[in-house]
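Note sheet for the following structure.
Order of writing sets the labels: A, B, C and D. Residues in every chain begin at 1.
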Amino acid sequence: MTLLKYLREEVMEANLELVRRGLVLYTFGNASGISRDEGLIAIKPSGVPYEKLKPENMVVTDLLGRVIDGDLRPSSDLATHLVLYEYFPTIGGVAHTHSEFATAWAQAMRPIPCFGTTHADYFSGQVPVTDSLSGEEIQGEYEKNTGMAICRAVAKDDGDKVPAVLVAGHGPFTWGATASEAAHNAVILESIARMAYHTVAIARDTFPIAKQLHDKHFLRRHGKKAYYGQSK
Amino acid sequence: MTLLKYLREEVMEANLELVRRGLVLYTFGNASGISRDEGLIAIKPSGVPYEKLKPENMVVTDLLGRVIDGDLRPSSDLATHLVLYEYFPTIGGVAHTHSEFATAWAQAMRPIPCFGTTHADYFSGQVPVTDSLSGEEIQGEYEKNTGMAICRAVAKDDGDKVPAVLVAGHGPFTWGATASEAAHNAVILESIARMAYHTVAIARDTFPIAKQLHDKHFLRRHGKKAYYGQSK
Amino acid sequence: MTLLKYLREEVMEANLELVRRGLVLYTFGNASGISRDEGLIAIKPSGVPYEKLKPENMVVTDLLGRVIDGDLRPSSDLATHLVLYEYFPTIGGVAHTHSEFATAWAQAMRPIPCFGTTHADYFSGQVPVTDSLSGEEIQGEYEKNTGMAICRAVAKDDGDKVPAVLVAGHGPFTWGATASEAAHNAVILESIARMAYHTVAIARDTFPIAKQLHDKHFLRRHGKKAYYGQSK
Amino acid sequence: MTLLKYLREEVMEANLELVRRGLVLYTFGNASGISRDEGLIAIKPSGVPYEKLKPENMVVTDLLGRVIDGDLRPSSDLATHLVLYEYFPTIGGVAHTHSEFATAWAQAMRPIPCFGTTHADYFSGQVPVTDSLSGEEIQGEYEKNTGMAICRAVAKDDGDKVPAVLVAGHGPFTWGATASEAAHNAVILESIARMAYHTVAIARDTFPIAKQLHDKHFLRRHGKKAYYGQSK
């Protein structure tokens, strides 16, 4: 149960980071984390105001989404999270928001081009947008099918390189090695979505930065020879 | 008098929510609530700064707008509220703001299209805009006629499904089962107004989401088989 | 000296209102107040950070701008204020900011059209923009000539009806019955500048509201038969 | 060591100013300061969250960027700072951010025109944008080459007159007589970037203000006959 306690606290903290950074309104959004060894997932309960959330309110489920521990219903987007955990074997956390500018790009159904090094520091390539779901997909297992649409938009091997996607007409999902990193990526995504929005407003014909500059910045942080930060 | 006390406190709280969420400036905006059993309405007084408001300052009127209890003048928009309470028999609260982006759509006299699931979660269809008032309507019972214009823009039966309208050249009115829900809807409206604004700035030719997706999200929250949140 | 103390405190408070509402950055902006009976003006000193300001730092001058009391230099825009006090005989305060959206309209050299009732509640007509100063006017008594350009843009009798102007390529000046009202009008001006900006972004071809609606709202607050607020 | 202590505290404070003004997110951005007499530079460490920073964490290097004192790695942009200190012999501080609007202009690869006196008060001319780096420059000494691109964009003698540049596809660098002034200029730059953005959104065809007005405002603050502020 120590593990559960730790996982819940980490997931709780990731959800609160979304609030602190202004990414969610009322009960919008949700973050989850997974313990792959135990086969357990902790996720925010559905529709509970953030100011009332406590770590013990995080709902714990198995990998099929069955509630293992907790009194509340899990987020209605749980099924989307499950698909992502299965598809990307190395990720440890998922976050979903309706943050203003990332959602605007998702609603406009346009991928976010990489216009600068801020984007390149975190995302190796444009942030893709999913196809729209078909009527059948919407009326069937909607949340699961949302996850499947994400998988079609991001190659299985690119999970670490492009840890974000825009669900068409809906909003962003991000992920990372932990719930905390997933939330962190949601914050960064909103920031680069804002800057890309303003960039095209200044000059519609702006083109993405050169691949060499893009790779330089991504690898300066994430490659084998990374030299950003204090780790060795 | 216990009822009056409760109604005033709820209306006071709804007005303060508009302040907390940055929807009003100085004395802008107003929220009201109704007790249909007693035939009483409580509403913010006209032109009093929010920081000086106390529950007992809420003005209580009958359904014709005559002051029953309270020392202050009611909001100058009271007559608009009265029309809405009469027209939509199930609503319990009304809110009016000049929030920045909803007002911009109202000034541009364009309905807000449903570009995404955030909108669909709350409003079943576009947020409509009223016709402009005629010279006669302006010089006659202006505030009442504003209410009548709202009624022409929203079908009587749609009050629960589209609890918001943009008054052309003026700003938004929202409503709900309670004063608190009316204020909540005002906050959501401003958020989806912002996102719709940014969406068309990214891609002028964005079209609304498919009706199936729209219905899915609205009913996931509001239909008989709703499964969002913790209620059963 | 009691009068001086009161005037300084009021002017200090008006300057702080500009800070609280996010209209000024660092030492930008200035507000002043006049006592016409005594022939004295109090104004913010030049280039002093707001967090260090105290009422006694407000510089007191006569109507020609000569320092009567105070150890600091008055705002470099004092000469502009002096022209306005002379031109509009009923005003008691002046405020100047570089607030973001009002300044953008001033830089674009476009008057702010009245697109809605928020604008009409405060300004009876569009907010005008001055002509650009000539080379001679810039190299001569620049700040005084800025005031003269404002006078050319607003009819002498319209001071109470349109208490704001945009100085081309510079920023807004507002005024009012007191320093406090001048600052209040600066806050309102920024708000309507934002909403007008967003309105034209949604629909370039938006036209101003009808004169009847404009007059209705302005007179609802400012006319002889005003019924907004609590005064009689 | 008293000097080192003072330099570190000043650099620490300049970095915190970037946080207070909303110019940086997480570990983004960096500010440095130089003591030319001692041949020492203090700079923010790489990738350390601002809330954990203490003055003693500032890394002290010599003019070649070799760490003289401190346990952490310096900012990965140190080499860019070094080039600027060598090129502009009178500057005492450098700041780099990814602030939202200045970065958008950098990403759009457009210089910021001087549309108003707010800009003219601080920058004598447009804020230039560098050329894009070549593939060789990116794969070689990237950060040093970024500095060289800045030098090509700003004449050596213009360091005091235009203390800011936009690195194409990256973001702004600013400088000043001290680290504190460099950070101050970063804040001002973001403000004028916002206002210029809004100006062109209102009117695409806005042209820069006349040179006479530009010079008047710049010299009112910075010329030999400056009369803004309290200094003599």
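Keep in mind that, in the parts below, a residue touches a chain if its C-beta (ideal position, glycine included) is under 8 Å from a C-beta of that chain, and two chains touch if they have at least 3 such contacts.
Because the structure is predicted, anything quoted here is derived from the model rather than measured.
Because subunit A and subunit D share one sequence, their contact can be compared position by position; here under half of the interface residue numbers appear on both sides.
Look at the CA centroids: the one farthest from the centroid of subunit A belongs to C.
In the Cα superposition of subunit C onto subunit D, the rotation angle, rounded to steps of 5, is 90 degrees.
Subunit C has its Cα centroid 33 Å from the Cα centroid of subunit B.
Rounded to whole angstrom, the centroid-to-centroid distance between subunit A and subunit C, based on C-alpha atoms, equals 46 Å. Looking at subunit D, one finds that residues 200-201 touch two or more other chains.
Those residues of subunit B that touch subunit A in the complex are listed here as 115-118, 184, 187-188, 191, 194-196, 198-203, 206, 209-210, 212-213, 216, 220, 227-230. Subunit C meets subunit D in the complex at residues 25-28, 45-48, 72-73, 76, 98, 100-101, 103-110, 132-133, 135, 138-139, 142, 169-171, 197, 200-201.
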